[in-house]
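Residue numbering begins at 1 within each chain, and the chains themselves are lettered A, B, C and D in the order written.
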Amino acid sequence: MLRVGINGYGTIGKRVADAVRKQPDMEVQGVGKRSPDYVAVNADERDYAVYAADESRADGFREIGIDLAGTVDDLVAESDVIVDATPSGIGAENRPLYERHETPALFQGGEDATVAEVSFNARANYEEAEDADYVRVVSCNTTGLSRFLAPLHENYGVEKARVTLVRRGGDPDQTGRGPINDAVPDPVSIPSHHGPDVQTVFPELDIDTVGLKVPTTMMHVHSVNVTLEERPDDVENVTELYRNEDRVLTIPDYAGIDGAGTLKDLAQDAGRPRGDIWENCLWEESLTLQGQDLYCMQAIHQEADVVPENVDALRALEGELSSEESRAITNETLGIDL
Amino acid sequence: MLRVGINGYGTIGKRVADAVRKQPDMEVQGVGKRSPDYVAVNADERDYAVYAADESRADGFREIGIDLAGTVDDLVAESDVIVDATPSGIGAENRPLYERHETPALFQGGEDATVAEVSFNARANYEEAEDADYVRVVSCNTTGLSRFLAPLHENYGVEKARVTLVRRGGDPDQTGRGPINDAVPDPVSIPSHHGPDVQTVFPELDIDTVGLKVPTTMMHVHSVNVTLEERPDDVENVTELYRNEDRVLTIPDYAGIDGAGTLKDLAQDAGRPRGDIWENCLWEESLTLQGQDLYCMQAIHQEADVVPENVDALRALEGELSSEESRAITNETLGIDL
Amino acid sequence: MLRVGINGYGTIGKRVADAVRKQPDMEVQGVGKRSPDYVAVNADERDYAVYAADESRADGFREIGIDLAGTVDDLVAESDVIVDATPSGIGAENRPLYERHETPALFQGGEDATVAEVSFNARANYEEAEDADYVRVVSCNTTGLSRFLAPLHENYGVEKARVTLVRRGGDPDQTGRGPINDAVPDPVSIPSHHGPDVQTVFPELDIDTVGLKVPTTMMHVHSVNVTLEERPDDVENVTELYRNEDRVLTIPDYAGIDGAGTLKDLAQDAGRPRGDIWENCLWEESLTLQGQDLYCMQAIHQEADVVPENVDALRALEGELSSEESRAITNETLGIDL
Amino acid sequence: MLRVGINGYGTIGKRVADAVRKQPDMEVQGVGKRSPDYVAVNADERDYAVYAADESRADGFREIGIDLAGTVDDLVAESDVIVDATPSGIGAENRPLYERHETPALFQGGEDATVAEVSFNARANYEEAEDADYVRVVSCNTTGLSRFLAPLHENYGVEKARVTLVRRGGDPDQTGRGPINDAVPDPVSIPSHHGPDVQTVFPELDIDTVGLKVPTTMMHVHSVNVTLEERPDDVENVTELYRNEDRVLTIPDYAGIDGAGTLKDLAQDAGRPRGDIWENCLWEESLTLQGQDLYCMQAIHQEADVVPENVDALRALEGELSSEESRAITNETLGIDL
C-alpha cells in the first residue's frame, strides 16, 4: 500500500484524495490544510487525517471539532509520496521540505516546469516519470491538449497545431475573480504559455496557442485546428479514433448537449462525484476535415481532468505498472466510462 | 407500494424520480419524456420505464436504443398518482388527461394556483392536502419563503414580511436565457407574484415581495425583513430556532461560505446527488434584530428545494402519515442532515 | 474663477474634471495621474495639464508624448481647491499633503466619514459644507439613497427605511473583479455600511441596508421600502414628487426600459458624454403604496451620480451660492434634463 | 442631396441615421419604427420624421406626443434609397415593398446573401456595388474580418485563414439573451457561416471559421491565424500595415487596454457618440509571426463597425465617388481617427 500525503486540500487536492482512496494499491495518509473552514470539516467527515499547514491556526481547527494529526512536516515524514496541490507557486516553495524528508512528490500545473524532472500526462509520456522523484502533472488545459493530440500524433502525424483556449475566469467558488462582462485576451502575447507547456510533454510538436478568459466558471473550451501530416480517408476515422480513447468523451449529435451546463448536468445525472468530468468532451459534430486540416471544439472540466492523471503519475513514480495497466485501474475505480 | 408516474423528466422531474425511488413506500412506475436526448438516455440507464410524451418521436427513442414502455397516456393509466413536472403552463393542459383516468396528481409551482385544490408546503400546511386529488407544490421561491416564515409565524407572529428576491436568470443548462450583464426588475410592478403565492400557503400573512433577475444560474438569494409581533429576547433565540428546523441549513460564520459557488461545493463534498441542496441556506451572521425587525439573507437552490416537498405531498395525498412522520422518512432517505 | 485640481484621474476624476470645466465659475488647474496609459493620453488630448502622482514614472509620460506640468505636490500648491479622486483609502493618506499647502479638498465616498468634517449631498445637506475645509462627497449608493429619501423626509416623514442594494461587481473597465456566477451577500452582516453612511447625511433617519454584489458592471439596483410617518393620499402624489426632483429620472411605463442596458442606451441616444446617467433612475411602475409602506426600485449609475454632487460641493465650500443656485447651474451646464 | 429612408430604427438603424445626417451629400428622409418606446422618443427628439411600421400602433405614438409622418410605405415612396435595418429575416420580407416603389435598398448582415445582388465591404469590394440596386452590408463579424484580411491579401497573399470568433451573447439592451455562465459552440458545426460569408466579399479566399458565444455584451473577439503566401520580413511590417489602415485601431502595448471595457471607456473618453468604435481594434502585442503564420487578436464593436460601411455603400450605389473618396468623407465626418 502506497501511503499518499495530499498537501493542499482545495479544488484539486480533495478530488485527488478521493481518487487515491478508491485505488486498491494506495491509501491516503492524510491531508494538509491551512484554514479551518467548511472544506476542512469535510476532510474530517471523510475521515482524512488533517495536518495543519499553518500551526498558528491549530486552535481554529480545535474549535470546530477537528483533531489535528500533526503538521504538514509530519505528513511529509509519514507519507511514501506527496501530492502537492497547494496554490500556484507554493509548490515550488514546498519542494525543499519534500527533499529534506527524501519524500518523492507530484506537483500541479500551476508550477513552472522546472519544479520537477518530468512534466507528465498519462496517455502521452507515462514512462518518462519512472525514474523521477519529482513529477509535475501538467495543467488542466495542457492535459486536455495532450490527450487530444496523442492519437493524432500516433496515427497521422501533426504538422502543426493551432489552438484558441477560451478559458473560464475562475472556479465556481472563486467569487473574487473576473472578468464580469469581457472576453479578455490573456495573455495578449502569442503564443500563450500553453503551447510551450504542451511541448514539455511532446517536445517536438509544433503548436501555437492563443488564450482568452471569459465570464464563465465551469469549463474551458478549446477551438482546435491541426494540420495533419497524413490526411485521414474520412473524418469518421478520426471520430472513431476518439471514441476509442478512454479519456475522451465524444458527444453525439442527438444528445442536445450544447455547453458546460448540460455537460455538468449529464455528469450529475450519471452520479459522478461532484459532477466531475474527468474526460475531454469533444463535440462529434464539430470534427471537420478541410484538406489536411482537422478542426473541432472540446470542453475541459478544469477541476477534474487532472485527477486521474495524478493517480497514474503516482503509479508511474512507483514504476511497477505500465501506463495501460495503471489507466485501466484508475478508469475502473473512478468510473470513467460514460 | 404507491406507484408514482413522473410526467416530464427535466430539471425537477428527474430529481423527484430519484427521490421517490428512495422511499420505502413508493416506486417509480415510469417517466414521461418528450425528446430523445441525453436526459432520456440517463432515464433509461437508471432503469426508469420511459413513456413517450410525443408519439411522433418514438423512432428517435428507438434509434438511441431506448425501448419505450408506452405513451404518457399509458403512464397515467398505470400509475396510482402522477407528478406532473412539465414546463410551466403545460401542467394545466395536462389536468384533463389525469382527470380522465381518475388519477390524482401533483403539479409544480410554474402553474397557477388554480390548477389544483391546494397549494402545498410540507412544513406549513401538509394537512390541507389530505382530502385533495390535485395538489400544487409551490415554487422554489415560495417553498423557501414558507419554510423560513413558518417558525417565526408560530413563535413570534409575523406582523409584516418584506422580501427582495434576487433571482437566478436561468438554470445551468438553459443557455438561451439572460440577462448577461444586467440586474433586471422582474416584474417591475410590486408586489411580485411571489407574495400572493406565499399567501396560498399562509392565507392571512402580510407579505410584500420585490423581484429582480441577475446573471447567475445556481441559486436565488432572498433579502428578508420581517417585522415580528413579539420581539425575541435575543437574535440567538432565532438562530437556534432555525438550527432546529430540518430543512434550513444554517451557515456558521467560520465556514467561509460566501455564495452559491461555495454552497454547491459543500454539497458536492458531502456527496449529495447532483450537488443538490434541498434546504434553505441561511447565513447565521446575517440574522439581525433591530427592534421588532428581523433581517437576514438566505440562498435557495431552485433545482432542489421542492424535491422533498413533492415526496411529502405524495404522502399527504395518501393521507396515512402525518407531516412529521413523512418528513422524517423523506429526510432520512435523501440524507437531509448536512 | 475657482482653480480646481483633480488628484486621481480615473473613473470619477475624469468625469469631475469634465464637469468642472463646463462651469462658468471654475476652471481645471490640472489633473494628477499615476500611470502613463490611455487615460493619461486622453487627459492630455483634452488639454488638461497633467501632474505626476509618482515622479519615478515621469519618463513613461514623456515617451508617449505627454509634457508633465509638474508633480501632484505642485498641483496642490497651484490649486484653490483639490478634488481627491484617488482609490479608496488613498484619499485619507493624501489629506496631510492638502493640509500642508492649506488647500481645501473634497474626498470621495471610498473614504471613511472621518476623512472630512462633513459628508455631503447637494440635495440633502448642502449648507453644512459651508464652513468646512474638508468635505466628503458620499458614495454612489449613499448619494442615490439620499436623493431618494430627501423628498419623502420633507413631505411625509420617514419612520423607517429598509433597502436591499444589488450592487454591480465592478466598473466596466475592472476585468479583475468578480463575481462571475454568484450573487454574494456583501457584507454578510446587516446592516451593511450603507445605512450608517446615509446617517452621515440624515443623522436621525432610521434606515437598515442589506448589500449583495452580482455579476454586472453597469448600475446598482436598489429595492427600497420606506415606512412613512404620514400616508400619502395616493401613490401618484409620490410619483409627482419625484417627477419634480431634478436628479431623479422617472421611467415611464411605456418606455420599454427594463434595466441598465436600456438606460445606458437611452443616455447614449441623448448624446450624454460617456453615456452617463447623473440621476437616480426610478421605475414609476414600481412605486407602490401598501398602507404606510412605500416600495420601489431604482437604478444608480455608479460612475456618474456623484459627479454633479462634486461640482456642487465645490460651490458649497466656497459659500457664495445656495444649494438651489448651485444645482441649477450644474444641471444646466451638464444637461441634466432628460 | 440623397434622401435616405431608414427602415428599422434599432441598434443599427439609429446609428446609421445619425451617420447619414453628418454627410454633406445625404439627408435622412425619415425613420421607420414599430414600437412607441424610448427609442421612438429619441428619434423624435432628434427631429427625424417617424413613419409607422405597424399602423395599428399609431395611437401609441400619438399618446407619447409623436406626430407620425406616415407609414413605412410612404417612407419608401419618399426616399431615394432605403437602408433596411429591421431584424434579421424581416429585410428579405421587405424587399418586395422596395421593388414595388423601385427604391434601391441596402440590407444588413442578418439577411442571407441572396437578399441582394452584392455583399459589400467598403475596403474590399466597393466597386461591385456600383451597378446594383440591392446591396447587403455584411455582418459585424464579416466586416471585421474583411477589413483585417484585405491588406494581407494585397500585400502577402492569403494561403489560408483560420479564425475563432468569440462572440458576445447579445447587445447590451437585449436582456433576454444568454448564455449566462457558458461558452457555447455556436454553431457546433465547422465552418461556421462566417467563413462562407467572408467569401461573398473575397470569393476565392480560403477561410475556415469557428464560432462560440460567451456571456458578454460589448464586443466580439477574434482569434485570427493566417498562413500567408509570402512571409513578411518582420512582424513590424505587418503592424505598420495596420497602423496605416483607416478602420483599424491598433492598440499600443503601453495603453493598458485589456478588453471591451477599457476600449469602450477609451471611446467614451474620446467623446465618440454612444461610445461607438467603428474600427477593428487590434492588439499590436498579439501580432505574431511564426514562419508563414500570422496570429493576432482583434475586438469588434458589433453595434458600430457596420455603420461607416452603410454610408459608403450608399455612395457606392450612387456610383459617383470612388471607395477612397467616399471613405475619406465618411471618416472625416464621423471622426474616425482615434
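One rule holds for everything that comes next: a residue touches a chain if its C-beta (ideal position, glycine included) is under 8 Å from a C-beta of that chain, and two chains touch if they have at least 3 such contacts.
All values reported here derive from a predicted model rather than from experimental measurement.
Asker: Give the chain pair, either A-D or A-C, that is connected by more C-beta contacts.
Answerer: Greater number of contacting C-beta pairs: A-D.
Asker: Please pick, from A-D, B-D or A-B, the pair whose interface repeats that of B-C, with more than half of the contact pairs identical by residue number.
Answerer: From the options A-D, B-D or A-B, the copy of B-C is A-D.
Asker: Averaging over Cα atoms per chain, report the distance between chain A and chain C in Å.
Answerer: 46
Asker: Measure off the straight-line distance from the CA centroid of chain C to the CA centroid of chain D, and report it in whole Å.
Answerer: Result: the chain centres lie 35 Å from each other.
Asker: Please tell me the distance, in whole Å, between the geometric centres of chain A and chain D computed from their C-alpha atoms.
Answerer: Spacing between the chain centres: roughly 42 Å.
Asker: Note the residues in chain D that touch 2 or more other chains, in rising order.
Answerer: Counting only residues that touch two or more other chains, chain D contributes 172, 174-175, 179-182, 184, 215-218, 258-261.
Asker: Which residues of chain A touch chain C in their complex?
Answerer: Its residues touching chain C are 169-170, 172, 174-182, 184, 215-217.
Asker: Across the complex, what residues on chain B touch chain C?
Answerer: Contact set of chain B toward chain C: 160, 162, 164, 166, 168, 179, 181-186, 188-191, 208, 210, 212, 214-219, 221, 223, 225, 258-261, 283, 285-286, 288, 290, 293, 295-297, 299.
Asker: Taking the complex as given, what residues does chain D use to touch chain C?
Answerer: 14, 35-39, 41-42, 45, 60, 63-64, 171-175, 180-181, 217-218, 254-262, 264-266, 268-271, 273-275
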